[in-house]
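Naming follows writing order (A, B and C), and every chain is counted from residue 1.
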Amino acid sequence: MTTTIVTPKAAPAKEVEKDASMVKQKEMMAAHYDRLTSAPQTGEKVVSTFVPGNLNELTMCFGLLNNLPEVNAIQNGLRRTSGAFVLEAEKIGHSEDVCTYVKSDIGMMAKGNIAPNGKRFPDPDVLLLSYTGCFTFMKWFELLREQYKCETIMLHTPYMGDGKITPNMIEYMVKQLKDEVIPTLERISGVKFDIDRLREYLKKSATAEDDLVHVLQSAKRKPSPIDAYFGGIYYIGPIFGAFRGTDDAIDYYRFLREEVEARLAAGKGPVTPDGDMGKEKYRLVVEGPPNYTNFRQFWKMFYDEGAVVVASSYTKVGGVYDFGFRHDPEKPLETLAEYCLGVYTNRSLPMRIDMLTNYVNDYDADGLLINSIKSCNSFSAGQLLIMREVEKRTGKPAAFVESDLVDPRYFSAANIKNRLESYFQMIEQKRAATRAAA
Amino acid sequence: MEASLNGSKTATIVARAQALFDDLSFASAREWKAAAPGRKVVGYMPIYVPREIIHAAGMLPLGIVGGGDQLEVIHGDAYYQSYICRIPRSTIELGVSGRLDFVDGMLFPSICDVIRNLSGMWKMMFPNVYVRYFDVPQNYRDDIGGNYYVNELTELMHHLGELRGQPITDDELRHSIAGYNENRRLVRELYSFRAQRPWQAPAAEVYLALRAGLVLPVEQHTEMLRDYLAAAASEERPRRDNCRIVLTGVFCEQPPLNLIKSLELAGCYVVDDDLLLVTRWLTADVPTEGNPLHNLALAFLHQSESTAAKYEPNLKEKGQHLVRAVRRSGAEGVIFACPSFCDPALLERPMLQHVLKDADIPYIAFKYAENSGQMQPIREQAGTFADSIKLWSGT
Amino acid sequence: MKTFVGIDLGSTTTKAVLLDESREVIGRGITNSRSNYGTAARVASEEARVDGRFTLFRRALSAGGGKSEELDEFLAALERAFRLEQFLEQLGDLEETCRSQVKGERFAKVESGVKDAIGEVLNRLREEAPALYAPGAKRKSDFFRDIAGSRYHAHAEEVARVAGLPYELLLNVYDKSIIDVENRPPSGGLSDKFRRALARVLAVDAAVKTGATDVPQTIEDTLAIELEETYLVGTGYGRVTLPFSKEHIRSEILCHGLGAHMMYPNTRTVLDIGGQDTKGIQVDATGIVENFQMNDRCAAGCGRYLGYIADEMNIGLHELGPMAMKSDRPARINSTCTVFAGAELRDRLSLGEKREDILAGLHRAIILRAISIISRSGGVTDEFTFTGGVAKNEAAVRELKKLIKENYGDVKININPESIYTGALGAAEFARRAYLGQTDGREA
């Protein structure tokens, strides 16, 4: 028996049939980009704003189209154009040390500001600096303001340093909304603010949010019908992006919920780019954003090994809904403030530790995996303490890998695969030992 | 020792400041605390906290600005990835190694995500310490950001009162404000003295004198500043053919003292900087009449320094503070020295550089870490910059 | 007999360990990893089988009552003769390969001259080969490329000069051939080489004394025992491209933990500082990995760093430790960044700091990094086992002991001279367990 040394072969890729929700999402995204890039012709006005703390219901009240620079950076990461954009930004004076979302965005502008549909992005009419959970947002929009010389509205969300929302925080935010954000948006759009219109949108948001939570929590079942990180990133797309408060979002999440229900009934695991995932062997909770330049390769390292992510913190950056918060039409401005205050990266480190510990326990996971992102100090600073604490509280081992959002230079496949496989095998070895002892 | 040898008065003062700077166990603050029962010490990180409120509670505000280049970090690296700046790891080292075991409270100002998250880490790691993330408004309207800030200050004042076991009174606070007004006046005087005669007040000495204010009670520090100013003005020192620069970017993690010295050795007099901004964050006296918290809040909103952590609502104003610093101090150029991996400082830098370019002010830029060991490249860059400025102004 | 093979493919060397059914190590083999992992794995496992034969010889001869000094002497002579045979066999391959390269336009007019010259160079190599493997002879390396390469260059220069041929031609032929030769799986039966080697030994001393046994017959009987490769498990840094099928692969972390446990059953914490990475591993009482952490993306403080420093100082890697040991006042080195290592070093030397103090500081800096990785994995629990290339460095070990004592108190620290085989040992035991139907470390 001397033939064990072999040359590994790559499996051929196969085409996968798309679910109705996927088709719907694709259409929604395409339509949105078309609407954005044709804004100069249609005369629609454009607001650039961020995912965490985005006020889609409010900006829709003024007929403004939202353009989200993080989402553009993600698109450029997935399309593998971000690397060149990052280099371009570094060439024009940005440090190699700083956030690559920002550099991808600035590089993209320098290279013509082309949207995924091949047409030029319009210049924004207003920058709504919803400054929530990340300091870099402030510098980012100051940089954009320098470029576009357009009006910029600061909406400062205080940080939940003590793990709670205080009346002072709500009052501060509501006042900013009432006295700064809304009047400025009225002036720029020429549309008078109608609070009932806002309530209507908020009601729609809550409906979609219900279905989203249902989908995310389906991962508590075994096998999990979804991957709550790699798949989850698609699921959060509409509600974190330009569609919260729309009928499109309601439809999308209804489709998605139905599909997940069907998978549950059929006892199926998640859908992956290579089709249905094989047997579920490992259940993980993931902390931290993904890498977008090698997204599929990264995902494959999981599903090839039978690892499914049952809960993730990244799918909470645009809103934490699974602990009961819903946009509430009864208190429209307060609810927007609460929403901003509650997003994941605006939560204190002890809150994040509690959340992740709960996820490991409630979703019966084998452990916590941290993907530490070089760009993102808001997530990353303190993750090693988070790891230590969650390990201690759950008694389950954690693992740590590193990459970056959209900078391909920081994705080392061999390095990450090595660690992941070691981690999976360690879990398996411990299980075998437990079985043997039983 | 140097002081007793050459006997100069500045040398004696600087030697004392240097000893405070070198002491990583904070002996002077420990002594202050031990000197009377019930005394408490509250630490704070860069760049600004209202020290008046801590002082009003009868406590010692203690500036914690990392471990510098003399602290060996044994535990701190276990908490941070390689792409995160240095100050949080050395600060954790100070904590874990027991060097801060006499500190009763810690304030983490709102300056970046790393220090923000460190506040939560501190809560986890040192559960017996009063820990507060000190948020400040990024909205500068009195009725919006101002109200919010007054409420935040009220809460802080209330907490510190609880920590003391007795509420802080408005009179106590007014008294403290007066003390810090006096201290800031002397800092401003020192800066304007240096801008006029930089050879009389070398940058490293000014820095050490300011640093002493992070560990000494304000009254003592005010005395030290007064003495130093008097001594510096009376001692004639050789004037070198240096150019005059504003040093900026240094805003949270501190540069090694050697870096500051290297700049002057390389031919650049530092005539203004944004080091240790807490010592002069408020640019004018805070009124001692009326509601003291309102006064502190209004000063923050309308009479405070600019820095990367602070939002500038007006595009036209962006970076102008730097141009004004150059004009005010008669500087000929700007040196950007930013801490490695510092997102706010490094993202701010290109915007400031554009402003300088428009104002025809030359600049150079490099990065450092608080424990950078190599000064050769910095000396070379600063030296070349000084030469080019001289050449440029000569033609 | 059944044997279980563990192979650890490292970034610089590939190691193999052969276990028998009773978990005894019967052979170890090492080779350079080259560009071809498949060959490296084959060569290392063949080396382990060779080593295994010697173990079996020793067992058989001792059973016959051989005295240990006589046995040692005989086996040493046999090994030298065997290595010589192996070397000669590869020289034959080298000659043939070199000759086959002599073709095409470039050699149009000198083809036969070059072929003759190659023959002459190889003859000279063959002539001096016995001296290379004489008792007491020192070789810089045991890898064929290293031994043959330097001697080929020396002889080719002279032969080319005498023959009036361009030296580059001969070098070019060699450079084109050596990779092929090195990457060719070893040919020729092992047993025949052993027999030829035995004949060489007997030719010098026909009456080999090792007790009452008939030595040639014992050797022959032992060679008759088939070393069956019952199961093989591979691991290592190059895991992504390991030349094994999936069921034959285990994570290096698991192998390392188990290997350390086998060497020191009371081990709870393992530190491995290799060329590319640093690992902190926690194992339980049975060698199962409880937790692990590796250096982050930044490779500062790994073994490679010492390599840069040695290059920068223009001294051998193995000289760094002893030099650092001379320091009683280590410098404080602030950066273990490989990128800045050279610059910081030059800066400090130019400031007049002593080499040994800087080196001592560098060693401390590396160990500090390692301590932070151990800390991330859960700290140090008694006993502690230190493995990897850096574990051979006395200055690093000194700093480690100091820091462990300061931070974790009295802990027994194990350092095995064979620690380079830790991962391969664990892999071999996984192979044995897989054969026995135990499934830990992979799916059932």
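Keep in mind that, in the parts below, contacts are C-beta pairs under 8 Å (C-beta built on N, C-alpha and C of every residue); 3 or more make two chains touch, one makes a residue touch a chain.
Quick caveat: nothing in here was measured; it's all calculated off a predicted structure.
Peer 1: Taking all protein C-alpha atoms shown, work out their mean, then name the chain whose own C-alpha mean is nearest to it.
Peer 2: Smallest centre-to-centre distance to the global C-alpha mean: chain A.
Peer 1: Which chain has its C-alpha centroid farthest away from the centroid of chain C?
Peer 2: B
Peer 1: Suppose each chain is reduced to the average of its Cα coordinates; what separation in Å results between chain B and chain C?
Peer 2: A distance of 54 Å separates the two centres.
Peer 1: Need the CA-centroid distance for the pair chain A / chain C, whole Å please.
Peer 2: From the centre of chain A to the centre of chain C is 47 Å.
Peer 1: Determine the centre-to-centre distance between chain A and chain B, using the mean Cα coordinates as centres, and give it in whole Å.
Peer 2: 37
Peer 1: Quick one: which residues in chain A touch 2 or more of the other chains?
Peer 2: Residues 372, 374, 384, 402 of chain A each touch two or more of the other chains.
Peer 1: Find every residue in chain B that makes contact with two or more other chains and list them.
Peer 2: In chain B, the residues touching two or more other chains are 78, 81, 83.
Peer 1: Check each residue of chain C and list the ones that touch at least two other chains.
Peer 2: 296-297, 376
Peer 1: List the residues on chain C that touch chain B in their complex, please.
Peer 2: 296-298, 300, 332-335, 340, 343-344, 347-348, 350, 368-369, 371-373, 375-376, 403, 407
Peer 1: For chain A, which residues count as touching chain B in their complex?
Peer 2: Result: residues 92-95, 97-99, 102, 129, 131, 134-136, 138-140, 142-143, 145-146, 149, 152, 154, 156, 158-159, 161-162, 166, 168-169, 171-172, 175-176, 179-180, 348-353, 372, 374, 377-378, 380-385, 389, 402 of chain A touch chain B.
Peer 1: What residues of chain A sit close enough to touch chain C in their complex?
Peer 2: 1-2, 4-8, 281, 306, 372, 374, 384, 387-388, 391, 397-398, 400, 402, 410, 412-415, 417-419, 421-422, 425-426, 428-430, 432-433, 436
Peer 1: So in the complex, which bits of chain B are touching chain A?
Peer 2: On the chain B side, the touching residues are 78-81, 83-84, 88, 108, 110-114, 116-121, 123-125, 132-133, 135, 137-139, 141, 143-145, 147-148, 151-152, 155, 308-309, 311-313, 315, 318, 338, 340-344, 346-351, 353-354, 367.
Peer 1: Tell me, which parts of chain B touch chain C in their complex?
Peer 2: Per the touch definition, chain B meets chain C at residues 69-70, 72-78, 81-83, 369, 371-377.
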